[in-house]
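Dropping the structures in below, format is structure tokens.
Two complexes come next, and they have one chain in common, chain A, joined by chain B in the first and chain C in the second.
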Partner chain A sequence: MLQFVQLVLNGSSIGCIYALVALGFVLIYKATEVVNFAQGELMMFGAFFAYTLITLFGFSYWIGAAGAILGMMAFGYLLDRVVLRPVLGQPAFAMIMLTIGIGYVSRSVAGLVPGWGTAAYAIDTPFSAEGLPLLTTAETSLVISEQNLSIIGATVLFCAVLFAFFRYTRIGVAMQATSQNQLAAYYMGIPVKSVFSLIWAISAGVAAAAGVLLAPITLIDTNMGFIGLKAFPAAVLGGFGSIPGAIVGGLTIGIIESLAGFYLPQGFKDIAAYIVLLAVLVLRPEGLFGQATRKKV
Partner chain B sequence: MTEPILRVSNIETYYGPIMAIRGISLHIDPGKIVTVLGANGAGKTTLLKTISGAMDPQKGTVEFEGREIQKQDPDRVMRAGISHVPEGREVFPFLTVHENLMMGAFTRRDREGIQRDLELVLGYFPVLEARSKQQAGQLSGGEQQMLAIGRALMSHPRLVLLDEPSLGLSPILVNDIFGIIERINREQGTTILLVEQNAHMALSIADYGYVLEVGRVVMEDTAERLRDKEDIKEFYLGMKDAGSRGKRRWKRVKTWR
Partner chain C sequence: MRFIFKTDYDQDIRLLKHGGHAFWYGLLLVAVLLAPVAVDDYYIGQLTQLAIFAMAGLGLMLLVGYTGLVSLGHAAFMGIGAYTEAVLLERGVPFLISLPVSAGLAAAVGIVVGLPALRLAGIYLAIATLAFAIIIEEVLARWESVTHGFTGMVVEPISVFGYELSEGADFYYLSVGLLILIVLMSLNLLRSPTGRAMVAIRDSEIAAQSTGIHVAKYKTIAFAISAGITGLAGALWAHKLGFLSPESFTVLQSIELLVLVVVGGVGSIHGAIFGAVFVVALPQLLAVGKGYLPTNVADAPGLEAGVFGLVLVLFILLEPMGIYGRWVKIRTYFSLFPLYKKASFKRQKTYLKSERLR
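After this line comes the complex of A and B, so read on.
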């Protein structure tokens, strides 16, 4: 039993990373109807930003993390403003090809930046990987590392901040309005195009946070963005348009992976996410948290 | 002679290759209610979208208070003082009634002014106060229409574009809503451009009217005189049997221009 709880706990922390990346997919999709396949690459850039600030420039972990998040917010804003806004209104297919292209270019560019390259790097964090005992019985004990705790804690914090932002600020409510009915938002005088850029900024910032949190576990390299392949089913699982759904979806996939890795034969771990996704989609095509009302544009 | 608050000159608007507006000109004097009548597909909605900037005209100009506003984004047109109540209400379904109303005041910073207008709107539509915390998507069609109008008033506009407020509402409710539209116009001095298929109701509160057919203005006159016109009666006031409605075109009328 304790074993099971331990696996769930381990799965939750990687699940939080999936959830943060999935959150970025959902925010952008809800507001702009673009599926951003470069979300994982935004996370990769965020991790490299932090690596640059902390390891190369010698800043403290906290300044490096904050700098990476703010830097990626600016990057996301500009990416939308400069690359996506000019092609706004093109068919969804064209926009998706564009984001796939951005992801591809990002990986190549990251490999060319001096000091980044194609090797894998670590950053120093104040959190140890050592397990803290939570509960001890005669034969075994339940442990959690500071690292995993930091991931879960930071995810909870980011979600709370985002929730408050969307719920209680004027611009946050305007973002919700824009994602519910774009034309009506325009008629309210909401600058829809700037709202899109702001959404990209927030998504990129959340992705950067995921990258910084993930860095001590998997190391930083130009291919770490492929985690998007796990986060994407997480977003679909949650209904692809629901923010709580993305979080529950991410956690679900993280936990199932962790359990599958232990109880099932080797190889199941990586496809477990997709098996669960297929099962859920067959039973509940709109996803776990899908909204029944279709949005109008 | 007062300067018109809105002057539309010879606009042409396309959906791809389809020409939906074929050279329309009209003007609205400040403080008036002007109605645009027309059957399905006449181009009424397209006309309003062209004025509010949701669509760009290929040709022609739209002047609001003397400044050209065509081809601007809708948020800029709105900031200039024009509120658009779109066809089919288009409320924000997952925001509460109160949040919907506050979105109408998105461009404003004057807290007291916003509060005053909120009380004004709730005074015109008391049902919105009772539903304040409810999601707008859960309101009835009539309540959503009231919310859409109330939301548009929250920006304290000088011109309101109303697209078929009677759509899908019971005759009693249509009566109520038109009564309130008239009161808003008289009490607040808000100029109103009212697009309708319900010519009878629209002409009962309007000062002036235009009749649109396939993207052109085929008739214009004071509301009083339009009410008496034979053709209008036939087409929109249901004075003749419905069968003749589809067949008749405005051939005779067109040659007048």
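After this line comes the complex of A and C, so read on.
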């Protein structure tokens, strides 16, 4: 039993990373109806920004993390302003291919930047990888490392901040309005295009946070963005348009993976998330938290 | 400027619309047939690869370009076709049977994958096919008794009535012949009621349904045909590779097929061929271009993928109809000279085209 709880704990920390990446997908999809296939690459860039500030320039972890998040927010804003705005209003397929292309270019550029390259890097964090005992019995004990605790804590913090932002600030409410109906929001005087750019900035910032948190666990390399592929099931599980759904979806995928890695034969760990995804899509196509939509003519 | 005087309704659906078509396509056919005489073995290998990719791209084109369903997992169908072919040949099944069976099995799997497509729209379908492709990749790697997993498996050569066809010009003629067959089949499909129904679904599902098209049925048919053609290309690809391992059929391969379709030109048969030319020629051009770059850039491992992505981004931003769209514009420019207007191909923007509010 204790072992089961331990697996759930381990799973939920990686699940939080999935949740943060999925959150990025959902924010952009809700507001702009673009599925950002480059979300994982934004995360990768965030991690590399942090690596540059912390290891190459010698700043402290906290300044590096904050700098990476702010830098990625600026990057996300510019990305939307320069690359995506010209194709606003094109079919979804064009947008998907565009973000896939951005992902390809990002991976390649990260490999070319001096000091980054294609090797795997680590950053120094104030959190140790050793387990803190939570509960000890005769044979075994329940442990959680400071790293995992930092991931879970930061995710909770980010969700709270985002919740407050969307609930209580003027621009947050404007974003909600835009995501509900672009045209109506435009008529109410909301600058829809700038709101899109801001959403991209927030989403890139969240991705950078995920990258910084993930860095001590998987190391930083140009291919770490492929974790975005794992965050898709998380976002779909939650309905792709629901922010709490993305969090729950991410946690679920993380926990399922952790359990599948232990209880099922080898190989199931990597595909468990996708099997669950297909099952959910067949049984409940609009996701666990999605709203049922009716076809209107 | 050519003006076609129509005296017969059949002229509307004729494959060769006028003498110019017949002349140029005839010339192309002659060039294709004479290629093994004229060029090196190396280039024949490249042309064979081009034919196989064009076939796979054509399969995806029917789905993406003509039915409007996005699949992010078509490499999985290639993988199914390739492994079925290899496994059947290993068990001693003759090539003439194994090839159709490979295509058929891919088509059958396509139907199974297509079934959720009836309920899913847009992005959910794309992600479902992605999940399916990742699962297939894992199955190919783990089902060791059949696929030999990561150790890989050798593909036996093709032999038809004692003739070996897996090498050089013979295999080239086989691939190109099948490609021409598939192109003709697709052209015929697209002027048949089934093809028209697919196009109608692409343009507006609701309008198609209102005119009495059984949307679910035609979506499934589109999935089956697309998967079957891609599976056939996969079977040929197995012979071209000669050695199969699960790494040949990853998600990145699926995306490469999608890029092929987009760069070639979504919604045209020509586009699949042009796209295949792009995908096969790009590494060659890069190898030539690398000589002119500084060494640290030229030796970077991600360069090819980066250029690939950059071309894709530029095409979507500047020329969404792909290479074929550009060609049509150039042709129209000359045929209407000096009356060509840029606005005739202007992109229509559709604001608030929401998938959520249907």
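A few remarks follow.
Note that in this section the second predicted complex is superposed on the first by the 292 of 297 C-alpha atoms of A that agree within 3 Å, B and C clash if a C-alpha of one lies under 4 Å from a C-alpha of the other, contacts with A are read in each partner's own complex, and residues count from 1 in each chain.
As a convention for this text, a contact is a pair of C-beta atoms (placed from the backbone, for glycine too) under 8 Å apart; a residue touches a chain by one contact, two chains touch by 3 or more.
Small disclaimer: the values here were computed from a predicted structure and weren't measured.
When both complexes are superposed on chain A, chain B and chain C end up sitting side by side without clashing.
In the superposition on chain A, A:Ile271 makes contact with chain C only, not with chain B.
Of the two partners chain B and chain C, more residues of chain A are touched by C. By the touch criterion defined above, A:Pro133 reaches neither chain B nor chain C.
By the document's definition of touching, both partners, chain B and chain C, reach A:Leu183. Shared-chain residue A:Val173: touches chain B; no touch with chain C.
Applying the stated contact rule after C-alpha superposition, one finds that A:Ser108 touches chain C and leaves chain B untouched.
The three-chain arrangement built by superposing both structures on chain A places chain B and chain C 80° apart around the Cα centre of chain A, to the nearest 10. Of the two partner chains placed by superposition, A:Gly58 touches none, neither chain B nor chain C. The superposed arrangement places chain B and chain C with a least CA-CA distance of 7 Å. In the superposition on chain A, the residues of chain A contacting both chain B and chain C are 181, 183, 293, 296. Across the complex, chain B is touched by residues 170, 173-174, 176-177, 180-181, 183-193, 291, 293, 296 of chain A. Note for the complex: chain A touches chain C at residues 29, 33, 35, 83, 86-94, 96-98, 100-112, 118, 181-183, 222, 229, 232-233, 236, 240-241, 266-267, 270-271, 274-275, 277-278, 281-282, 285, 293, 295-297. Looking at the complex, you find that chain C touches chain A at residues 64, 68, 70, 116, 119-120, 122-124, 126-128, 130-132, 134-135, 138, 141-142, 206, 210, 251, 255, 258-259, 262, 266, 297, 300-303, 305-310, 312-313, 316-317, 320, 347, 349-358. Interface of chain B with chain A (complex): residues 52-54, 73-75, 78-79, 83-84, 86, 90-95, 99, 102-104, 106-107, 137, 151-152, 155.
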